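What follows is a pair of complexes built around chain A, which joins chain B in one and chain C in the other.
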Partner chain A sequence: GINTKSACDGMNAYMAYKVTTKTSLNLFNRNEFTVKRRFSDFLGLHSKLASKYLHIGYIVPPAPEKSIVGMTKVKVGKEDLSSAEFVEKRRSALERYLMRTVNHPALLKDPDVIQFLESTELPRAVSTQALSGAGILRMVNKAAEAVNKMTIKMNESDAWFEEKQQQFENLDVQLRKLHASVESLVCHRKELSVNTASFAKSAAMLGNSEDHTALSRALSQLAEVEEKIDQLHQEQAYADFYLFSELLGDYVRLITAGVFDHRMKTWSKWQDAQVMLQRKREAEAKLQYANKPDKLQQAKEEIKEWEAKVQQGERDFEQISKNIRREVGRFEKQRVKDFKVVIIKYLESLVHTQQQLIKYWEAFLPEAKAIA
Partner chain B sequence: KGSNEESAPSVSANSIKITDITQDGETLTFAITSQKSSSSAGVCVFRTYEDFDWLQQSLLSQEDVPGLLGVIFPPLPGKPLPSTSFTQAKALKQFGFLALGDEWKIYCKALELYLQQVAAHTTLSKSKALSSFFSSTESPGKHRGKKGIFKRLSHVMEEMRKEGHKDVDKFFQSERDSCTHLSVLFKVSTEKFLDTVLTKQKLAVACGHFSTSLHLVCNHDNPAAVTFSKICLKLSDIIEAVKVNFEKVSDNDVSSMGLALDLESRYQEAKKEMLFRRTCKLVELEAANRNSERAKPNKKAIMEGVQKATQKEFNLISSVAKKEIEQYHRARVSVLRDFLVSWCEKQLSTAQETSALFSQHLEACRGFVV
Partner chain C sequence: MFSSALLLLPPRSSFLQQRKIKGKVAAKIKTERRESPRSLTHRPTRSSAAMTSISQDADREKMRSVSVDLNNDSSLLIDIPDALCERDKVKFTVHTKTTLNSFQKPEFSVPRQHEDFIWLHDTLVETEEYAGLIIPPAPPKPDFEGPREKMHKLGEGESTMTKEEYAKMKQELEAEYLAVFKKTVQVHEIFLQRLSSHPVFSKDRNFQIFLEYDQDLSVRRKNAKEFFGGFFKNMVKSADEVLISGIKDVDEFFEQEKTFLLDYFSKIKDATAKAEKMTRSHKNVADDYIHISATVSNIGAEDNTALKTHLEKFSELLEKLRKVEGRVASDQELKLTELLRYYMRDIQAAKDLLYRRARALADYENSNKALDKARLKSKDIPQAEENQRQCLQKFDKLSESGKQELTSFKGRRVVAFRKNLIEMAELEIKHAKNSTALLQGCIEMLKVN
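Here is the complex of A and B:
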């Protein structure tokens, strides 16, 4: 497999990310290599992949978000987005983006991906403004609107697609709700951390002012315990965020990528071609009775041209349908794997927190009992 | 009223328990069981807050207890406002920790402690009002007698001036100084601790929402979808466990540390009030001394009489106060110790339970086949 790790250092006026890949695949020249990439490089990679694969039904991982504010735009507690936290969030997002991309068997083989991971120099991606995740979303939504406006009644011989689309829409709603719940959780946990630190300080002051020696020591110990617990709260808040919030956010963005709309467009292109072919045939039939041999020849040629287009249209439609089925199957399997991994990591963090708490309380108990 | 001449068998402080509470409209009635120290027969009486208030006022207004002003009176919690007439926010502001907990559990505990403290006090336990409180079939608060001789201390400008009045005794001066300082710190700590508890409760609610939302992810179309639904339900159980943990932890907080901080704060206030009463008497004494010195010959005898009486009162108060303060320090440390130990043990036990539960979940998830 491939392991990607990003680190970052500042260079001049922008942030560069170190991408390290370890692999045993033959696709690459070496087994281990590191390259430096900027955020705009990631967006550039995404735009290339999107333009190549979205319209044939591949679920292309969405570009990392430019803005770091959560999707629900909930103000995350009293924290101001310190640059360290911002950089870490972005680094994590970029890493997840690459992981998802290389986990896709077709995308892994794509020369742009290989070049991105391997080559020391990369041509600078230009005009990436419109290419951020939000930008893609806007483009897709415009396409969707256009399609709806055509009021196509798609003769869905395959109910599978209609059902799947509905399921994905439901899933989108559910995921957004879950995401909002988790953001709320993270927010409150950060609040708890602030409150705990504040209480710890006040307990320390009590310990200092208390005359009774043993009580004073116990109160000071209590202050230390509460400080340690505050630390645990912060770590747990990170776990909540990085494990769940980001996962859910990623998945919402993933399924709004709009593969079903592309299939609609492909279908309508095919239908249009059939309509056109029919017109050409009618035109040719009319010309049979007029005495215009050149025009008749041209009409026959146009018929051939449109027959080919109809065949191509049908092939494209079958291809995208096949691709989507496969992609959806892969998505559903991957989703289960992703969630399982995250849940296990989360449980490990929960167990760790409780075990730390046990240590702290066990250490404090004799101090409390020693008050005489 | 309030006489302590009789040596009636007193109530055993440890036996006092508030066993039940009922609510009728705006009135709360407490069921209180107790035993006399001389027998093992239990008695149960029903009292409302008015009865408690009557008791406190009676104690404050006992007439023939020497140096009564020097007593640190166990603090009575404020009047409870039943849920029909208050909002959670108002209650929290007024009562802090006593407003939390199911069914007035914590508030009852505080009332119980109040009764135990009165019954354990060397002087106050002898009061007739107290034994009447525990044995009278009628509600003693219904027939309100005269109000306390000394009104509730209000901080009028003049009073504030007296509070800073320099003491003649080093012991008392230092007690007054440390009292002011420490009581501020304890108030702050109590507020901060309350904040952490309230946030934990918010977290529990947030976990509840998250857990419920996970139930909605339900799809049985194909094997992968079924597995995904199962995983979401598993996560829902885990988040539910996180929620229950928060609830237990905050319960532990409230019932031990929270109650301790609340009690400590109120008792410090009570001590402060006693010291203030003594200071007022000191001011009175110094005025009597001056009057006596400056008195014209025809008034001199009267003034000297007043001076002597005031001096005697002051000395009595000071000697009672000294004992009270020493007792207070001993009791206070012991009470805080018990609560701290109890809090620590409860949290430790909860952490151990939760750790075991999460570990079980972890094993189950690791074995989950995708």
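Here is the complex of A and C:
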């Protein structure tokens, strides 16, 4: 099994991220090492991997978004991220991104990945504009459009792909909806935390104003309990977000990576090649009776060229189909694993909150009873 | 659709229980409603503060230990056993059981509207005799605006959710609507019970009319308005200014009370508002669980992997949890927000008493000045003397009963706070334990998978 771990820490004003890797693999020179990377370096890594592997059907994990706002269309409440929150959000996203990348058996061996993790100095990534997840998405969408414009017919053995694509599209819709609901939950829980804190202060003031001693004390205690509870809500909102919401966001982006469109593109390239070959053959046949030996020779060469292209097209198509099947299988396995783990972790976070609530209220109860 | 629905509480006999109390004029009433059992326990002191408590296993024995039984008389028992809600207009059935001769029958019911309660309250406020008493605060108008607005928003967003989700949200909203309805019934009931358990108010002529008169009260109401013209009420607007700007009271007790009540009022008003906000946020969180549960369920339905069971169980759990969260929110509202809200109004009523006393003092001082003037002019001295004597008498009477009222008010307040804070803490613990059990059960199941 693979024993690679990556950890990120936010650092100085330039926001360099410390990437620490612990590994037992022979791929690397040492067992434990740390390098500094900037956000643009991550984007650079991703763009290299995308350009190498996307078109042959690998599900390349998308890089984290540049902007703060998530993938959801609905903006719920105030995206009120303090800079500390923003850095933590990004750090966590970068860590998840790297983990997904190195968990991919082929990507892990890629020299760019190894270099990213190991070398002290990295050549600065050039324009990162088109390199972010959104950028890739735009590229993929353009390809999809082009493909849709042609009339495409796939044969029956592609039922698996059609089914999978449909499944992925459905899953995408549902995950986006779920993501939006969870973001709403995070927002409301934060609001609850704020309102609880506000009430706590008010209760404390009321306690101070109360002239019955025992009741005054109880009200102050109530204020303290509510203050602790507000903290609890904050922590739960944190868990809601990092455990649940971010995972969903990651998966939405993963699914939109668009492997199926690349397969369509490969297929149509192959078909185009076949069409071209046919034309060249027809042209050659015509030239047979035209008595233009030079042109005939050229035509024969072109036929050979396009025959090769057709063969290559077929090979490419079979390869990408094979890759996608494998990738989808791996993706599904990973998805099941990820979600199972997260669901349990999330439930455990909820248990913790409830247990703390019991503790606080049980401590308060005798105070309330003591009012005489 | 919903606005024309008739919401009926189950008939009295099936869920109400009343405890007979021997002794003087007092009413101690316990009502238990079946579906979301609430019981109303009256403060056994003369003027009572009734707050509601919800517990599935309403342990009456437990509650008896919390409320101290001072009253011994069942001469006048009032409750609102059912009510009708038609297009947001509520019709209360006021039911009276009495052994007093002043009433025509020993038991009877009348239909009343909210406006009738306000009429009764206002006549009490305008009655000079009662100037030295804390007039129980008028029940607020039934306000269905909250759930109605939410219902409207739900209708708009219907297309974005599945049928099941929509049904659940609607169910939740109907529960909210019902909660508002129950709250308004209770607060109207409490108002009447405060009156019936008060030695002076219970004998009030208009109170009797309110309870007994089997015709529509609206005619009487109109006359009353014209007669009184809201005289006193308009004056109360500047009450705070009078109290604050007034000179330091000679009487230590009243001086302290004034300082205390003014400060306490603003603090409790703030606390009420903040508690309300907090409760609303809680409801929002519970609602989010509905959406999340529904979507997870949909994903699970289409899933063919080992994840299917996880998703289904997770969705079921969330649905159960949101019900608990909903209960936490509504219990908090009743035990905390409603408690604060009620006492805010009660403190306002206490402030009004102080204000009336301040006016009586001003009247007395004016009568003194008038007497001096009369003596100077040697004119109308006996009238001036009589006037001064009456003003002093009125002021003394006010002060005496005022002191009594304010003292018992404090006792009442402390007891009610104690009861409700205890009940709230107990409910929070109960719900948290319930949630924990549900969560841990689910985790166990999922880990085995």
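Keep this in mind: the second predicted complex is superposed on the first by the 346 of 372 C-alpha atoms of A that agree within 3 Å, B and C clash if a C-alpha of one lies under 4 Å from a C-alpha of the other, contacts with A are read in each partner's own complex, and residues count from 1 in each chain.
In this section, contacts are C-beta pairs under 8 Å (C-beta built on N, C-alpha and C of every residue); 3 or more make two chains touch, one makes a residue touch a chain.
Please read all numbers here as calculations on a predicted model, not as lab measurements.
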{"item": "When chain B and chain C are modelled together on chain A, clash or fit", "value": "clash"}
{"item": "Partner chain(s) touched by A:Leu357 [first = chain B, second = chain C, both, neither]", "value": "both"}
{"item": "Contacts of A:Val275 with chain B and chain C, given as first, second, both or neither", "value": "neither"}
{"item": "Partner chain in contact with A:Gly329 - chain B first, chain C second, else both or neither", "value": "first"}
{"item": "Which of chain B and chain C A:Ile371 touches, first, second, both or neither", "value": "both"}
{"item": "Chain B versus chain C as contact partner of A:Glu348, first or second or both or neither", "value": "both"}
{"item": "Partner chain in contact with A:Glu163 - chain B first, chain C second, else both or neither", "value": "first"}
{"item": "On chain A, positions contacted by chain B and by chain C", "value": "167, 171, 174, 177-178, 181-182, 184-185, 188-189, 191-192, 195-196, 198-199, 201-203, 205-206, 209-212, 214-215, 218, 222, 332, 335-336, 339-340, 343-344, 347-348, 350-351, 354-355, 357-358, 361-362, 364-365, 368-369, 371"}
{"item": "Complex interface listing, chain C residues touching chain A", "value": "256, 260, 263-264, 267-268, 270-271, 274-275, 277-278, 280-282, 284-285, 288-289, 291-292, 295-296, 298-299, 302, 305-307, 310-311, 314, 317, 321, 410, 413-414, 417-418, 421-422, 425-426, 428-429, 432-433, 435-436, 439-440, 442-443, 446-447, 449"}
{"item": "In the complex, chain B residues that touch chain A", "value": "178, 181-182, 185-186, 188-189, 192-193, 195-196, 199-200, 202-203, 206-207, 209-210, 213-214, 216-217, 219, 221-222, 224-225, 227-228, 231-232, 234-235, 238, 242, 329, 333, 336-337, 340-341, 343-345, 347-348, 351-352, 354-355, 358-359, 361-362, 365-366, 368, 370"}
{"item": "Complex interface listing, chain A residues touching chain C", "value": "167, 170-171, 174-175, 177-178, 181-182, 184-185, 188-189, 191-192, 195-196, 198-199, 201-203, 205-206, 208-212, 214-215, 218-219, 222, 332, 335-336, 339-340, 343-344, 347-348, 350-351, 354-355, 357-358, 361-362, 364-365, 368-369, 371"}
{"item": "Interface residues, chain A side, partner chain B - complex", "value": "163, 167, 171, 174, 177-178, 181-182, 184-185, 188-189, 191-192, 195-196, 198-199, 201-203, 205-206, 209-212, 214-215, 218, 222, 329, 332-333, 335-337, 339-340, 343-344, 346-348, 350-351, 354-355, 357-358, 361-362, 364-365, 368-369, 371-372"}
